[in-house]
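Residue numbering begins at 1 within each chain, and the chains themselves are lettered A, B, C, D and E in the order written.
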Amino acid sequence: MGNMPFVVSMILVGLGFLALITRRNLIKLTIGISVIEMGVNLFLVSLGYVKGGIAPIYTYAPPGFKEMVFPTPQALTLTAIVIGLATTALMLAFAVVIYRHRGTLDAGKIRELKG
Amino acid sequence: MSVVVRTVTRVILPVALAFGAYVIMHGHLTPGGGFQGGAVIASVVALLVVVYGGARLKGAKGWFAVLEDVGALAFVLLAFLGIGATFFRNVLAGSGGLFGNPVPQPGPNPGDLNTAGTLPLMNWAVGLKVIAGLGSVVLLLSLFGREDG
Amino acid sequence: MKRWLFGAAFLVLVGYLIGGGIWLHPFGVPARDEMDRYFIENAQAEVAANNVVTSIVFDYRGFDTLGEATVLLAAVVGVALVLRKVKG
Amino acid sequence: MVHAPVLAIAVPLLGAFALPLLARLNRRARDLWAAGIAVATLVFGIAVAVQVFASGRPLVYTLGAPSPTASVTEGGFPIRIVLVVDALGAYMGIIALLAGAVGLFYSFQYLVEEEGKTLGTSLLLLLWAGILGLVYTGDLFNFFVFLEITSIAACALIGYRVWEPRPPEAAFKTMVMYTLGGLLVLVSVGILYGEYDALNIAYLSKLITGTLLDKLALGLLLGGLLMKAGAVPAHMWAPDAYGEAPAMAAIVLVANTQAAIYALLRVVFTLFGGALASPGIGWLIASLGTVTVLVAVLMAVVQRHLGRLVAYGAVSQLGYMLLAVGVGVVAAGKGFGEVALKGGIFHMINDLASVGLLFLVVGAIRRAVGSVDLLSLGGLGHTLRWESGFFLLGALALAGIPPLNGFASKFLIYESTFKASPILAAVAVLSSILLLGVGVRAFHGIFLGPKTRDVASSPRGMLVAMGVLAVIIVVFGLFPGFFIERMVSPAVQAILGGRASYLAAVLGG
Amino acid sequence: MRIGSGEGFWSPIVWVILALGVLAIGFAVWLQGRRTYKRGTEQEEPFLSGERLPEGAGVGATHLYWGFAEALKPLLVRLGAFHSGFLGDYVGWLLVLLVISILVVMLG
């Protein structure tokens, strides 16, 4: 059970995919994408954990600390979070415009582009 | 929104702004940085939109667009600063000038605001960008499709 | 038919992802550490910043941050483009 | 010109950031600025290509280091982001440069001021910079970041015509797919980082041994990139996106999709080339490519929306490239594997020229008539003379009719595929014939017949943009050998035998 | 300016010369055509198997491949249903592609 954080974040990714293939509301699809993003971010940030490590910041760090948590995954996660935010914002904007045109958010009804 | 919400907003507003500015300014010393502090200040914009309605803030839309571009330009120009060596070279670090102090002593230390070269400047550029970017997203979404927008 | 196919694919994918989580190094005991060890030990001297994460974000991997700022700008420009006032 | 690789990415970014500010001052200044940025990007991109092809060695640029070549620390491992441009990257960069420059030039007169020309041009520059970064980067996480730049800029551009109901729908669907693809890439970056504590492609390639986790990471990367390249079960976003995007974005989107195929080559041959390049992967890519060709062509037969028709044609061409790449992986050590890769890589630029030309013509028709419904069009050849000629040329090149450029590359693909598997080759040839039928039907339906309406011809700038692509179609068709020798062969060598020199260029020694 | 594939080769210049030759032969044959053909007479009128076409009749773009589309109808109908336009299907098929590629990498 030592790897629970990895497993949990992967389950979160799976839940996001489940939402994407079972839900029909565009807002819920956006939430599904966000859930996957959060799962991946959780996965990334938990990769860098070192047992007993402190935050990788030297300002007023406790003298005589043993380990520091890996800083790279935190930097990557920061980037990934902002990217996820940008994606979500744009998708919501599209959802708003689609609702304006069609009067519905049901993905089952928004399928003019088929065939 | 009700009087309570408006009053609380007025109380929270300066605190949140100061906290955001602090987070941005101390990005190279304490947890945080341009994105985090920018998000804090952008949440103030969101609060204002919720409390007073987007229509009263629509004058800020153009300003946000300009500030966003200015922040991004400042960031990329700071990156161009190092082109003498390589793109993104931190030329100000250790140069002795503004933000050019070395770290007082390696290892744990109280921190010196005057260190880290281009990092604080980049934090400010990114902070400006995030404030303006998130602010304008919130504002645009709240104004869309309204006659007074 | 299609539902079963998607369901099976979903289960296999999640199985592999969870398996990947279990196969990975034990939580808190990274398998290799040369790059991060380098950052922790040298960031203070090279970048003169106390916050190692910030020195990675804006110096060692500054290009990523430029990309990230670009993504944010693209999204904001995109939102402005999508929600603009147009004819009709 | 040491800084050329990074300037080719940073200059269009700078241009895109400053564009809205300039537009507030003066529209003319904005257009001049965009043109100047485009010229500068072309100069830097071509400088990169010239350096790489002249020296024959990959070009390395380390961002933020004391000097551009200081890519590793004393310990011998890279810590900073590097840009690595080998012959394949330089070739793909040229394709991206061509697409971006033509698209930008076309957009000057295609976009209407009141409909958001400033924002559209800005996004186009961002998309261009994103593709160049995607191609030049030598860092896996940086690759993900540029993937996201391209997907967000591309989706915003797809939804450009927000006043119609279809483009936002296409943009939303494409956005979901692109984001999922990017997240799959990110998961596999995370897995590789967790295993090896490295993000540099060359260094990872040295460390990767082929464990189960490596296989999982490769599978996720393959899935995400195949989706982005428009391989069959997950190709449905592509006709939506191409069909609804404005013309100048559609041609850059084609380059974007080809960048996914480039990334596929990079992943299979460079990143996992040492441990996991098995024929099974090659067969997977080749068979998916063949199915893509067949499905896309059959769907193109029944389309009545002109944009979607051309879009399905574009998807079928991507299938040809996947087929060639797959055969190249299957027969990596043999002669016909090299021929297949040559065909596939040469087909990229041919496909960009022919499909791009068709998209530009479709855009011109949409601008002139306001509709792209095949059943309501007809007789446009009386007024749109240049456009009809360009459309015919593009359709014939798409179908691979000699002596146009499409035939030269398809010839190489057919010949090599036949040696790997006659069935796949037969399907590919058959699809090509069907594609000719599709092109002829579309041409007949749009341009021939009695004159039904008066339309104005396209402005000269748009015609020049189309003319550039038409010249490429004819010249590459008549003189393919020159181009293949100078640029395609080095690119193929960079894939097949170049892993060692790629690693050496980054890691030293 | 020829490119080889190991087995055969392709030379556009030779092809163009050959094509010009064939065109020249065709032109020569065309010149031998009937001298009695005159423009502007009933010889120019369109007809279909002996019958005069009704006014306004023409061959539309879709008619060219009507027979072909008819023959492939069962396949095309299935393909049309495959491209349903429903976003859940898009994601589902992406999952299928993903699982296929993971399985291929794992097993082969």
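The rule is simple: contacts are C-beta pairs under 8 Å (C-beta built on N, C-alpha and C of every residue); 3 or more make two chains touch, one makes a residue touch a chain.
In this text the structure is predicted, and so the values were computed from the model without any measurement.
Novice: Moving only from a chain to one it touches, give the least number of moves from chain D to chain E.
Specialist: 1
Novice: If you take the mean of the Cα atoms for each chain, which one ends up farthest from chain A?
Specialist: Computed centres place E farthest from chain A.
Novice: Starting from the Cα centroid of chain B, hunt down the chain whose centroid lies farthest away.
Specialist: Comparing chain centres, E lies farthest from chain B.
Novice: Applying the document's contact definition, name the chain pair with more C-beta pairs in contact, C-D or A-D.
Specialist: Most contacts of the two pairs: C-D.
Novice: What is the identifier of the chain with the smallest separation between its Cα mean and the overall Cα mean?
Specialist: Smallest offset from the overall C-alpha mean is found for D.
Novice: I'd like to verify one number: the distance from the centre of chain B to the centre of chain C, where each centre is the average of its C-alpha atoms, in whole angstrom.
Specialist: Each chain reduced to its C-alpha mean, chain B and chain C end up 21 Å apart.
Novice: Between chain C and chain E, what distance separates the C-alpha centroids? Give it in angstrom.
Specialist: Averaging C-alpha atoms per chain gives centres 46 Å apart.
Novice: Counting only Cα atoms for the centres, state how far chain B is from chain E in Å.
Specialist: Distance between chain centres: 58 Å.
Novice: Among the residues of chain D, which ones contact at least 2 other chains?
Specialist: In chain D, 10, 13, 17, 20, 63-64, 141, 145, 148, 152, 155-156, 159, 162, 168, 171-173, 176, 180, 187, 194, 197, 199, 212, 216, 219, 239, 299, 302 touch at least two other chains.
Novice: Can you tell me which residues of chain E touch two or more of the remaining chains?
Specialist: 80, 83, 85, 87, 89, 91-92, 95-96, 98, 102-103, in rising order.
Novice: Any chance you could list the residues of chain B touching two or more other chains?
Specialist: As it turns out, chain B has residues touching two or more other chains at 29-31, 33, 65, 69, 72, 76, 79, 87-88, 90, 103, 107, 109, 111, 130, 137, 140-141, 144.
Novice: Determine which chains touch and list them pairwise.
Specialist: Here the touching pairs of chains are A-B, A-C, A-D, A-E, B-C, B-D, C-D, C-E, D-E.
Novice: Which of the residues in chain C end up touching chain E in this complex?
Specialist: 2, 5-6, 8-10, 12-13, 16
Novice: Given the complex with chain B, which residues does chain C contribute to the contact?
Specialist: Listed in rising order, the residues are 44-51, 53-55, 57-59, 62-63, 65-66, 69-70, 72-73, 75-76, 79-80, 83.
Novice: What does chain A use to touch chain C in their complex?
Specialist: 2-7, 9-11, 13-14, 17-18, 21, 43, 46-51, 56-59, 68, 70-72, 74-76, 78-79, 82-83, 85-87, 89-90, 93-94, 96-97
Novice: Using the touch definition up top, name the residues of chain B that touch chain A in the complex.
Specialist: Chain B residues touching chain A: 29-31, 33, 35, 103, 107-111, 130, 134, 137, 140-141, 144-145.
Novice: Can you name the residues of chain E that touch chain D in the complex?
Specialist: 1-3, 5-8, 10, 12-13, 15-16, 19, 58, 60-62, 64-65, 68-69, 72, 75-76, 79-80, 82-83, 85, 87, 89-91, 93-94, 96-98, 100-108
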